[in-house]
Amino acid sequence: MRNVIVTGVARADLGVVDQLAELGVATVHEAIGRAGYLGPGLRPIQDGARTGGTAVTALCWPGDNLMIHAAVEQCQAGDLLVVTATSPSSDGMFGELLATSLAARGVRGLVIEAGVRDVAELRAMGFGVWSAAVSAQGTVKETAGSVNVPVSVGGQIIRPGDAIIADDDGVVCVPRADVGQALAAARARVAKEEQSRKALADGQLGLDLYGLRDKLAARGVEYVTARGDEV
Amino acid sequence: MRNVIVTGVARADLGVVDQLAELGVATVHEAIGRAGYLGPGLRPIQDGARTGGTAVTALCWPGDNLMIHAAVEQCQAGDLLVVTATSPSSDGMFGELLATSLAARGVRGLVIEAGVRDVAELRAMGFGVWSAAVSAQGTVKETAGSVNVPVSVGGQIIRPGDAIIADDDGVVCVPRADVGQALAAARARVAKEEQSRKALADGQLGLDLYGLRDKLAARGVEYVTARGDEV
Amino acid sequence: MRNVIVTGVARADLGVVDQLAELGVATVHEAIGRAGYLGPGLRPIQDGARTGGTAVTALCWPGDNLMIHAAVEQCQAGDLLVVTATSPSSDGMFGELLATSLAARGVRGLVIEAGVRDVAELRAMGFGVWSAAVSAQGTVKETAGSVNVPVSVGGQIIRPGDAIIADDDGVVCVPRADVGQALAAARARVAKEEQSRKALADGQLGLDLYGLRDKLAARGVEYVTARGDEV
Amino acid sequence: MRNVIVTGVARADLGVVDQLAELGVATVHEAIGRAGYLGPGLRPIQDGARTGGTAVTALCWPGDNLMIHAAVEQCQAGDLLVVTATSPSSDGMFGELLATSLAARGVRGLVIEAGVRDVAELRAMGFGVWSAAVSAQGTVKETAGSVNVPVSVGGQIIRPGDAIIADDDGVVCVPRADVGQALAAARARVAKEEQSRKALADGQLGLDLYGLRDKLAARGVEYVTARGDEV
Amino acid sequence: MRNVIVTGVARADLGVVDQLAELGVATVHEAIGRAGYLGPGLRPIQDGARTGGTAVTALCWPGDNLMIHAAVEQCQAGDLLVVTATSPSSDGMFGELLATSLAARGVRGLVIEAGVRDVAELRAMGFGVWSAAVSAQGTVKETAGSVNVPVSVGGQIIRPGDAIIADDDGVVCVPRADVGQALAAARARVAKEEQSRKALADGQLGLDLYGLRDKLAARGVEYVTARGDEV
Amino acid sequence: MRNVIVTGVARADLGVVDQLAELGVATVHEAIGRAGYLGPGLRPIQDGARTGGTAVTALCWPGDNLMIHAAVEQCQAGDLLVVTATSPSSDGMFGELLATSLAARGVRGLVIEAGVRDVAELRAMGFGVWSAAVSAQGTVKETAGSVNVPVSVGGQIIRPGDAIIADDDGVVCVPRADVGQALAAARARVAKEEQSRKALADGQLGLDLYGLRDKLAARGVEYVTARGDEV
């Protein structure tokens, strides 16, 4: 019920986070039990970007980016800033100047459930951004919010210090305590998928590879021949 | 009222489909009477892709891609897989492994009224995808559906074997029986548009080229001069 | 209550408009008091485009582009065509042929609160388009509307002759009478931002640069230390 | 590829349709294999309405209700008019006068994937309407479409003569050939649900009634006790 | 480019406005050339409400209702308050206390392109509200905006002093200068519709009443008989 | 990363929750610092309902209500069931039978970020439901999820045992540990609002009551007189 800025947040192990980032969002999401995905509403502003970092969270008022400025001070190298608003907003709460400030601190990128602007400049800087919108609409700096409290983004709960992985497929959050287990599971999945890829490339069917024919039969799916006269 | 996998579906003539693909979605859509367009909600995952093929359809449960695996077996060279769900879904029902499997069978691409993932890999493969979303959200393989039944996608009815043309403008469906007539009409349209393009480039107005001045007058549209003081 | 085509519309000073375009949408929007932005729903069909021009407006019936043809005749070099519909529509009201016609007249681009098609061709032409959708859905030419009347696009009022600036961040409208004042304010803002950029790149915080620490305190935002056991 | 008005359409047995209507949308939808539901986007304009009828379909241009007038003539007692547009539209294509005309022919109601107006008058008439929107926006009568062709509404395919059931839960379509089988299955479901209702009211759990405990265990769901200190 | 509160605004003739309100939104919208409708997004919070008044406009920052308070002072008996925000917002900017204040001044109701709260209390008061959302989300009073400037709501331009009519079909705006002409046209329409209603109730078809058979034929619509075997 | 059913969850004090419910959603939301509101997307299925309870949470797979059945067993008198899905879904996951089961256990109602069906029966039962949709679309019982884990609904985090208050304005969540403080703050607010209501009813302005005139001046808002000739 108070607005707070939480300092001294424990972060997920950055070495592990970096390895998760190499494996990519879809793999990590599967590895943690098909969990933590922030939904298709957060899109990268440029193709081919991939990054990972530890979450610093900012909860802002709509049309107001005061708390982003407060959050910058809490960011350190290896962090990824995660921003949302108390009400849905597409306003351009973040642009080139804030990115300059974050880049100077070694922050890896931004995940924002709102809008960003100066996208041409952000692309030129190579600053990774995943956002809900691109919007030039400016904001004020008037109303309080919080930094480094748990936030809800895209239907997921993100706690400060969690691992955030982002690539062309979107953004996934791995709880801080789970990154080690996630990495092991993700690596196992990659190994298994490599085998599947070869089998499928050789023409084997998923129906056989994954044993799905029995499933179809058990669920009453019938094979029927097309009638010649169907329209 | 049963879940079925229909085999032995008759396809539109692939030679004709290929020629339709060369003419592009907008032209084909106009040629068949401004019909068959699957709407602006299906977007390509990469710019500049253009393809055509014959439809194999899969009707899935939301959050479940079991029937895509069943559909792969029904696909042959020249097909284009068309996937939808019984309820709206943006989940990532399709990714690199399924694309590998389809590519091994000579399938030309995917049209999916849901999400896809592994988009970086799909782009690298050059596998054409038109989807309603990009999403890493994974799916299960538990619930029955159907393959090669008529489906509704983007407000259009697609029957297995119909021609599907897809490019930067989206996706259009041409009924199997109509592809020949569509090709003739599309070619006529291209020829006519070539003349219009030249006239317009030379400065002629559409008002004159299409005889629209009388239409405007008949509908009571009046020409008035701006007042000097208007704000 | 009548449908009209207004001729002889006064335009904003094109020399000033061109200078505003160089400064970009976000800067101009801020300079005129965080006003005039047409919202995140209008997106460019190609990255990196930036243009400015004077508005010719067309108000169409949904599914009908008759009034775009009427508007072309009212366009002159330096204009930017602004199109909307009396009801929301995503149909492809505009394509390559209309772009050819506009380009022949020296028009700088299109802003349309509806759909466009032939986007591959439009990109190849280098014709700048900001639209609410890409759609191949064709339209008819049957129903009257108006040209060069004030229109509402993206929650903003655009009057014929106003300055329109468009880039990767979207589209902003500057009232015709305000372009001079807007340019002065925009230049002042650019100068100020250049200083801020340097300070921030050197590691100074926005909290200090903009004097926000007192604001936070005045609003009761408290700094608290993370508990070690939080999950 | 032509615009047609199909006459002499065979209808589902109206006696059976009436009995389906008594059982309600959810029951019928389940009885035909969880199929045919037109989605949550179609809402009744008044609470407590329930009806059934045989489909006459009209496919209109957006912003244009010409084909509704053509469809009225094809309607007979016991029919339910089903209207959609070639592009999404929320315009008020239907109002009191059309309802008066339909009521005079014994038509049971309207299902429209667009808007209606005069809703106060429609409610006073007791004319059942399920629509995607309420909108006063008027339409023209200029552009051709079709009557009694298969249409796609809410992701479902509706063929003329199919049974349409509508109540507070929305609208379901039962293929004409399946109404008898649907009625038998729906009655069986009602009988079974009556038993379930009693058991559940007596405090029995669905977990036991439906044998779900084994399912949970088989899927690895674990029971754990809440930690006393969780926040 | 300044934030202003405009005083001394001229209003439409309230006697005429009251007569327009009796005729209803759909009729008035048609009478002024199918114009001025604020779209299906604005819905009444209670069925059966109907009112009319002269517009006082308030333009607010998202999440901020400061300017509504400023607008109240500009309201007089017969007015209807019209509120929008500089960015889309669904927050509950208005509730029982503001309604109490407006009711004390004789204001007829509220049209708001945002949210309202205390809807149970507002219904009990009989205070007419047409809003884009119901939301308890509170707002602050921090950021400047304007009162009695032209605003864009639902794609329409509303100027202070314009006539606003609202009922179950939504909201329509009639420009101040046009109310007399609108009333005459609306009355003529009502008289004509009364005749049409009788004819249609007697079984005459719109096809004949409006002379649409020729239109269908001219547009190539063909009558065809259903094939007996169609599925 | 596991699917769990958490038992023995501590609940907020039900006596306090009941008193919060009497004060209503908007008041409680304000009292806890304009926090905890689940957004305008969750609407009651009947007007005038108001309830409060302690949260039991269920996290389901889209199109699957298995975990609702598991959650019922965890519910006790005074609880309110809160359901969401791992991906957005509007399917009718809940209906009359589940309500019968919950009512038998003394559960006060349902908050569901998905669809419900049998709404006529639910209204007749007087079972309070706040949902994102009404939909007859049925679901399966195949895929695991969790019960009584923290969930994200409408952008808010809900933990099992939290207080949930719901009325015509929507739904608010108060953290379990904060209900006592919330009640005190809410009562203070009610008392203050009662005074404001009287002052406003007597014609006092919010501008004076809340001291807003200085705020407007400080922000540069200017009073200007309308020009007589403005259009």
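By letter and in written order, the chains are A, B, C, D, E and F; residue numbering begins at 1 in each of them.
Definition applied: a residue touches a chain if its C-beta (ideal position, glycine included) is under 8 Å from a C-beta of that chain, and two chains touch if they have at least 3 such contacts.
All values reported here derive from a predicted model rather than from experimental measurement.
A.B. asks: Which other chains touch chain B while also touching chain C?
C.D. replies: Chains touching both chain B and chain C: A, D.
A.B. asks: Scan D-F, C-E or A-F for the interface that duplicates B-C, counting it as a duplicate when over half of the contact pairs agree by residue number.
C.D. replies: Equivalent contacts to B-C are found in D-F.
A.B. asks: How many angstrom between the C-alpha centroids of chain F and chain E?
C.D. replies: 29
A.B. asks: Starting from the mean Cα coordinates of chain C and chain F, work out the distance between those two points in Å.
C.D. replies: So the centre of chain C lies 38 Å away from the centre of chain F.
A.B. asks: Enumerate the residues of chain D that touch no fewer than two other chains.
C.D. replies: 2-3, 34, 39, 86-88, 90, 137, 142-143, 230-231
A.B. asks: Can you work out from the touch definition every pair of chains that touches here?
C.D. replies: Going through each pair of chains, those in contact are A-B, A-C, A-E, A-F, B-C, B-D, B-F, C-D, C-E, D-E, D-F, E-F.
A.B. asks: Please give the residue numbers of chain A that touch chain B in the complex, ascending.
C.D. replies: Residue positions touching the partner: 24-26, 29-30, 34, 37, 39-40, 43, 47-48, 50, 167-170, 172, 193, 196-197, 200-203, 205-207, 210, 212, 215-216, 219-226, 228, 230-231.
A.B. asks: Of all residues in chain E, which touch chain C in the complex?
C.D. replies: Counting only chain E, the residues touching chain C are 1-3, 32-35, 39, 84, 86-88, 150-152, 155-157, 178, 181-182, 185.
A.B. asks: Given the complex with chain E, which residues does chain D contribute to the contact?
C.D. replies: 2-10, 66, 69-70, 72-73, 90, 92, 95-98, 100-101, 103-105, 115, 117-120, 123, 133-138, 141-146, 148, 159-160, 177
A.B. asks: In their complex, what parts of chain C are in touch with chain D?
C.D. replies: Counting only chain C, the residues touching chain D are 61-64, 86-91, 137, 140, 142-143, 230-231.
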